[in-house]
Structures are given as structure tokens and as C-alpha cells.
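Contents: one structure, followed by commentary.
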Amino acid sequence: MSDLSGYTPERTDWGRFALRWGLFVILGLFALWYLAPLFVMLTTSVKTLEEIRTGSLIALPREITFEPWAKAWSQACSGITCEGLRPYFFNSILLAVPSVAISTVIGALNGYVIAQWRFRGADTIFALLLFGCFIPFQVVLLPMAKMLGLLGLAGTIPGLMLVHVVYGIGFTTLFFRNFYVTIPADLLKAAKVDGAGFLRIFVSIFLPLSVPIVVVSIIWQFTQIWNDFLFGVSFSSAGSQPVTVALNNIVNSTTGVKEYNVDMAAAIIAALPTLLVYVVAGKYFIRGLTAGSVKG
Amino acid sequence: MARLTLEKLGKRYGRVQALSDIDLAIETGEFVVFVGPSGCGKSTLLRCIAGLEEISEGELAFDGERVNELTPAERGVAMVFQSYALYPHMTVYENMAFGLRLAKAGKGAVEERVREAARMLQLEPLLDRLPRQLSGGQRQRVAIGRAIVRDPRVFLFDEPLSNLDAALRVQTRIEIAGLHERMAETTMIYVTHDQVEAMTLADRIVVLRDGRVEQVGAPMELYHHPANTFVARFIGSPSMNLLAAEPTDAGVQVKGFAPTPLTAPPGARGLSLGVRPENLRLAEDGETPFYEGDASLVEKLGESQLVYFDMGAEAEPLVARLPGALPAKKGDRMRLATDPEALRLFDDAGQAVRAG
Amino acid sequence: MFDWLERQAPKLVLAPSFAAMLLFVYGFIGWTAWVSLTKSRLLPKYEIDGFGQYERLFNAPRWDVAIENLAIFGILFIGVSMALGLLLAILLDQRIRAEGALRTIYLYPMALSMIVTGTAWKWILNPGLGIEAMVKGWGFDTFTFGWLVDPDMAIYTVVIAGVWQASGFVMALFLAGLRSVDSEIIKAAQVDGIPTTRIYTAIIIPSMAPIFLSAFIVLAHLAIKSFDLVIALTGGGPGYATDLPATYMYAMAFSRGDLGQAASSAMIMMMIVFAVVVPYLYSELRTRK
């Protein structure tokens, strides 16, 4: 806490009062700026098309309709099909849950080895893994498409899963490695003396201590995978598209009348899971971001 | 409950030789302390015995059986760590039971052993607490308890007192001594850099320097008959005065001091004469002083005081431990005497020349 | 057997990740580099042909636009996000009431997909029904705000949306940095009678140099990889006025079927990233030891 408020003897009480209120107003205005798009999205999503055409962007809806939400969920058209976001929303869940679980488990084991069972070359492997976090994924897009084709996974959810796991390992390993290096080496030695082996020490000692970093890893990976668009649009086919790709298709679909209220409802639906995670576990979300900032 | 033999034991890290040619036999039930300055290899040696470090050369045997390749649990060792290394998410009870459960001890046996150890260490009211709810001293006792329940063949301590405050350190030292008495059959090895701990706890002390054994012996043997100047300085506080000496016709003599009755081997050069501060006293009237000079500094310790005499710019000052009641002050002229039996002589390589 | 397994367990655990990295990162980069040196078009060819693809790339007007856009977007996105993030962090650091709530509000856009962000801003900036219509509705009949459909200005809408999304994150980084400055030093400065603004400019901000660096790295990395935001907001348009290297590469790979151009543009992107990131990564790994 850099606590600079306590010692300002040259100012009068009134001056301080004005200053603090000014500060508060500025911060409040910024808060409005950050909230405005969410507000506009929400109000637009419950307005009728007629009201959208005639009313103001920031006006509250005169009458509330949930029709656009229902349409976004189950009828909106993307390209050729008109099934709404629902099937793609479930695609994203089907994709994200196993990918998050697998990459977190692998990252935890990798981090455990790199931080606690150091062997010659382990640092080099860590550097190689870390390096993989930084590459622009465009550079692997073409060969990955080819590889998925060879494996028979092109355009499938398992194929996308493979992609997310492979390129997520770098981050999860980094999280766990940085967490496990803070655990004193004596703990591992004590467990060895107690007769525990490699896996037993991991399961009985390290894993129970890892709850916070497991949460960070899950949130980070979930946000990344849920919000991903590049891999989704590159490697999925009509039936296996994740929700972001479907949202983009709905918004940019050129058939029929442009239904802005449906677009906004769809956007909110697509954003809900990660927003929920942020609201429920914001502390861990920020930790992931700042830990991930070592990587980029 | 094991007799340890170390034969030509060595440890290398890449090109760095951390330990070399360690030959040592530790008897069943013996309390041995490894002592030496930091970086001397004492902790490495302990971890080699524990099975936490691979032994590069030589052999380690428990009761005559080679154990180089065995894991710590297979060797039957238990260890108390400097940082205690308690499992933070387990209660005191679980911390102590973990090793037993891994060894597939029955539920009743686990319960019985943990309760017994808890009783012995007065941990009974704390069994359901987590380590972070305990004080430093209590954590230390849990760490000891975790080692006791396993009923180890060899009990290892890695600087267990260095994280405790001074008062608690003395108390725990006494407790460990008591533990050794109660577990008379269990071999104990204790690593420390503190010579007071070494002196008070050990049956035998092993002094290490630069990965080699300098001397092995009972505490008082090391105190009275150090094998070399390193041990002479390391054991005892303040450390032994070492004065450059020369053989003369009257006996070995330090410049500016009275001659001593010690004789040097013919042709000896670069001798040092050693005398402990506590073996210097004020000369009685009429007695020929061993040394006469002005006190350059006086440190009052209460029961005694340390009086320093300047020995010139090159040499360390001479220190004498004199009774605390003596009204000494800086600048006082003093006449010091000593008993010839207390004098030690070392050659130019630092090795003791004449024991006794 | 069991002993051997136990001994080798650490290596066995790392081996699959290591192999996967070798193949999926380093092998794939190698493949892309190789293809970028061939005459590949719709199908990959594997005879090395030299730097022809790179020549074509640098002669393509569309690539010029993409690079120019990256420069505009990169500089403004990084600069404004950092400035705004630092300002917000300093203001929030004044023991503000409701700090937690404000922080939550500033940071939530980071949890959104860039597709969602793009969709929202596309609606807000829509000339017919968005801000423009709103201001006109207030009586300013001559007001126009058509950046989204103006080839010269469209890239700035990407900047606006990007800053909206990422500046809260920069604020969080900086706030953590401000809070980690040793409070003893600040107290000492206060006792010496140094005014608050001087304490910030002379003591706190300089001591946060590493955080500036990591914020810069993160933002630069985001800027170079930006793809989703452009796709959702402008689709690269009007025309290809808001193309970035990432969208250029994607268009070549998947709609134009020009593998050689896709590969060479991807390689250039990677080189730009590495020029920024490698020195940083190198110093990170060195100081860790």
C-alpha cells in the first residue's frame, strides 16, 4: 500500500475534500465508460427492432421483450442453418471442459517435475515450453491443419481439443512451476524419508497444497479456450464450431433483416460463462493474468 | 539400532568434489555430531547417509550391509529438518502418521505409535492442529515426533535448532539430549555449525572441513587434544590463542613471552603455540609471568571477563578469560601465567606436534 | 523394473510435453519456414525456391496496408492503454472508497472474448443507429461519426475497442506494482517533506520499470496477434482498410488458398514478435537463476 493520503499538511480541509470528490468523479466517469458497452448491449437486447430504429442508443427500453434472447438461443441463423447459439454453446462446453482438465493436469505434473525434481536439461525443456507460449499462432496454423487432416481429426471437437491442450501446456506449466518453486525443497525430502515415491508425493503432498494455483490455471485456460476464435474458425467445421465462431457468423450473416437485438443477446450469451467466472473468482482471474504476464 | 560404516565415501557434483575419502564407523546407539563451518560438507554427508543424495564413491553400510542403492525408507532412517518441513495441509496427527501409513502399518498400530510419541513430546493437546497454528518450538517437537514414530534405525538431525530463538534453543537441546537417553538403542547423527551444540550433545564429534574429516573424537578429547589448528580454533569459545613460536635452547618460545618447557623436534620451523583463553590466569606474586602486557580491551561477561592484549598489527590479539570479579580495565598492566600442561604445539602444516 | 520406473518418473512425465513441443511448435515453425521458401500456392510444394514469396509479400499493396495498420494500431493501442492504465492505477491508489468495485468494473472487459467486444463496439459505432444517431437525436443534426465505414479512420475504431478491452488489465498490473513499492521508502520521503507528485515521479514510477516492461510486452504481443477484434468489428474492411498481418495471413491461408503467402506472412509476424519478446524472455530466464 503506497499510502500517500495521510500526510499532506499544506492543504486545508476544504481543499482536500474537493480534491477527493474530484477524484471520485473522474473515477466514476471512467467506470461509466467501461460499463457503457455492456449497458448498451443489455438494453438493446431487450428492445424491439422498431424501438431500436426509432429510439436512442442509450435510452432505456420502453417495453421489455425477451424474444431476441429466445431467438438468439435457438433460432438465429448463421450461414445456412438456423439453430441459434445453443448447439455451438454446447460445443464450446464439450471442448473447454476436457481441454481445461487435461492441460491443467499436464501442467501440474510438468511444474512439479521442473520445480522439485530438477534434472540435467529440465531448465532447457522449461525454456523451450515457455518459448512456445510466445509464438503467434499463425505460424502453426497451416501445418496444424495438415496434421489434423492426417490424424483424421480435421473439423472435429477432439481435433480442437488437441490444439488447445498442446498450446495451453506452456502456460499451465508456467503457473505450476512458479507456484511449486516457492515450496521449500525440504518438504519433498521429508516425504521421501517418510517413504513416499514420485507419484505419492505429488498426490498426497503437492496436489493438496495447489488449490489456489489449480483455480488460476482452470480459470485462465477456460477463459482462453472459451474466448478463442482463431483456432475455432480455422479448424472447425459446420457442426463443431465453438460459440465465438457461431456468434461471429450470426452477427455477420447477411440473410434477412439485420436484427441488432438478437445480435446483442447472442453476444451476451456467448460472454456469460467467462463473465460469470470473472464475477465469482475475480481474484484468481487477476492472478492468472498477472502470472501470465510473464509470458504475454 | 544400526551400526554405520562409511568407507572411502565421496560425493561429486559434476566436477566439484563435495566430499572425499570419508572413513567413519558409528556404533549402535551412538550420538554423533557432524560439525564444521558452512560449506564443509556436513549436510551433504548427512543427506548421503539419509539416501537423499546419491553416493558417488565408496560404500555406506548399515550393520555391514551395503545400502548405497536403497531409498531413505528402505534404509530405515528418519530425519528432522532445519525448516521442520511439516506437511502444511495435514494435522499434527496426520503428519506423524503419514510415514507409518505408507509403511502399511495397521490402523491400530498407527494410532498407538502416534499417541505414544505425542505423550512423550507433550503434543497430545495439539494433535488436531495444523502446523501453521503452532509455535516454532511446537513445530520442532512435531518434526521430532514424526521421526520417532517410525522407530528408525538411524535418527538424523539437520541443524534442527537454528530456526529457534536462543532460550528455546537451550531448552530443545536439553530435550534432544533426553531423547537420546530414552532411545538409547537408536543411532543418532546430528549436523550443526554450533560448537556448543556439538559439545553438549555428542558422544563423538566429527569435525569436517572442505569435504574431509579433520578429526573424530569425544568432545573433551577434541577440546583438550585437537589434532590440528583448525580443530583447535573451531572447538572452544573464544577460540584457542595461536602464537607464532620458535625453538630455543630453553624450549619453545614465543617472542615477547617467557620460554616454555616444551621441546620441538629438531629442525622444526613455523611452529605455533596454542593456549586456550581459560588456561591463562593472573601470575601470583613472585611467579615468573608467561606474558606481561597492557590490556587493550576488556569485555565483561558477568561470571568471567575477556581481556585482550595487542600482539602487533600482523597478529591476532591474545585473549585471556579471567574471573569476573577482577577489577580489570583497559590499559591495566597485567602479568599472565599458565600451566605447561595446557600448552599445545603445532607444526608449520598445522598438525599437533606433541600431544599431552 | 519398479525402481527403474521410479527413478525415471520425472523424465517420463516431461517427455510427452517435450515431444509435443518439438513437433507442434518447433517442427511446425520449421514447416512454415520451409513452405515460405517454396512456390506453394493452393497446395504445398516442397522444392526450395528462395525468397520469392517474401518478395511478392512486400510488393503486395494489401500487405503494406496491414503493416501500416499494425504500426498505427500497435503504437496507439500500447501507448493509450499504458497511459490510461497508469492514470487509473494512480487514482485508485489514493485509498479510494469502493476501490474493489471500481477495479472490478475496469477489468471486466478482459474476461470477454474479442468477438464479443467487437460485436458490441460495432453496434455502438454503427453510423445509422449508434452514437451518430444518438447525437443527432439530441438535436445536433450535422453530427457525423462514420469511422467504422471510413477506410481512413476505421483502424482507429479497432484502437478504441482494443483500449477499452485491455486498459483495465494494464491498470491491474500497475496497481499491483504501486502496492509493491516498499512503504518504508515512501514514508521516508514523506518525512523528508517531498510532495506527493514528486514521490510518484521520482520514486514510485521509476521503481516500477519492470512492470512497464511486462505491460509493454503483453500489449505488444496482443497487438501483433490481434485477429478476432478486427474480424468482429470491421471484418478487415472497408475493403482491406483494417487488415492486420494476422487477418492477412488468415485470408491467404483459408480464403485465397495461397499457402506461400500465408507462410511467409506468418514468418514475418513471428519475427516481429521475437524482436520484441526474445530480449525480454532472455533477461527473465537469466535473472531467475
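For reference, chains read A, B and C in written order, and residue numbers begin at 1 within each chain.
The rule we apply is simple: a contact is a pair of C-beta atoms (placed from the backbone, for glycine too) under 8 Å apart; a residue touches a chain by one contact, two chains touch by 3 or more.
If you're wondering where the values come from, they're calculated on a predicted model, not measured in any experiment.
Counting hops only between chains that touch, subunit B reaches subunit C in a minimum of 2. Each of A-C and A-B has its own count of C-beta contacts, and the greater count is at A-C.
Greatest Cα centroid separation from subunit C: this falls to B.
Note on chain placement: the centre of subunit B and the centre of subunit C lie 59 Å apart, centres being C-alpha means.
Per-chain Cα centroids separate subunit A from subunit C by 15 Å.
Rounded to whole angstrom units, the spacing between the C-alpha centres of subunit A and subunit B is 57. Counting only residues that touch two or more partner chains, subunit B has none.
The touching residues of subunit B, when paired with subunit A in their complex, are 47, 50-52, 71-73, 77-79, 81-89, 98-99, 102-103, 146, 150.
For subunit A in complex with subunit C, the residues that touch the partner chain are 1-8, 20, 23-24, 26-27, 30-31, 33-38, 40-41, 44, 52-53, 56-58, 106, 109-110, 112-114, 117, 119, 122, 125, 127-132, 134-147, 166-167, 169-170, 173, 197-199, 223, 226-230, 233-234, 244, 247-248, 251-252, 260, 263-264, 266-268, 270-271, 274-275, 277-279, 282, 285-286, 289-290, 293-294, 296. Listed in rising order, the residues of subunit C touching subunit A in the complex are 6, 9-11, 13-14, 16-18, 20-22, 24-29, 31-32, 35, 44, 88, 91-97, 102, 104-117, 119-124, 126, 129-131, 133-134, 137, 164, 168-169, 172-173, 176, 178-179, 181, 183, 186, 190, 196, 199-200, 204, 214-215, 217-218, 221-222, 224-225, 227-228, 231-232, 235, 245-246, 249-250, 253-254, 259, 262-263, 265-267, 269-270, 273-274, 277, 281, 284-285. Across the interface of their complex, subunit B is touched by residues 184, 186-187, 189-196, 200, 204-205, 208-209 of subunit A.
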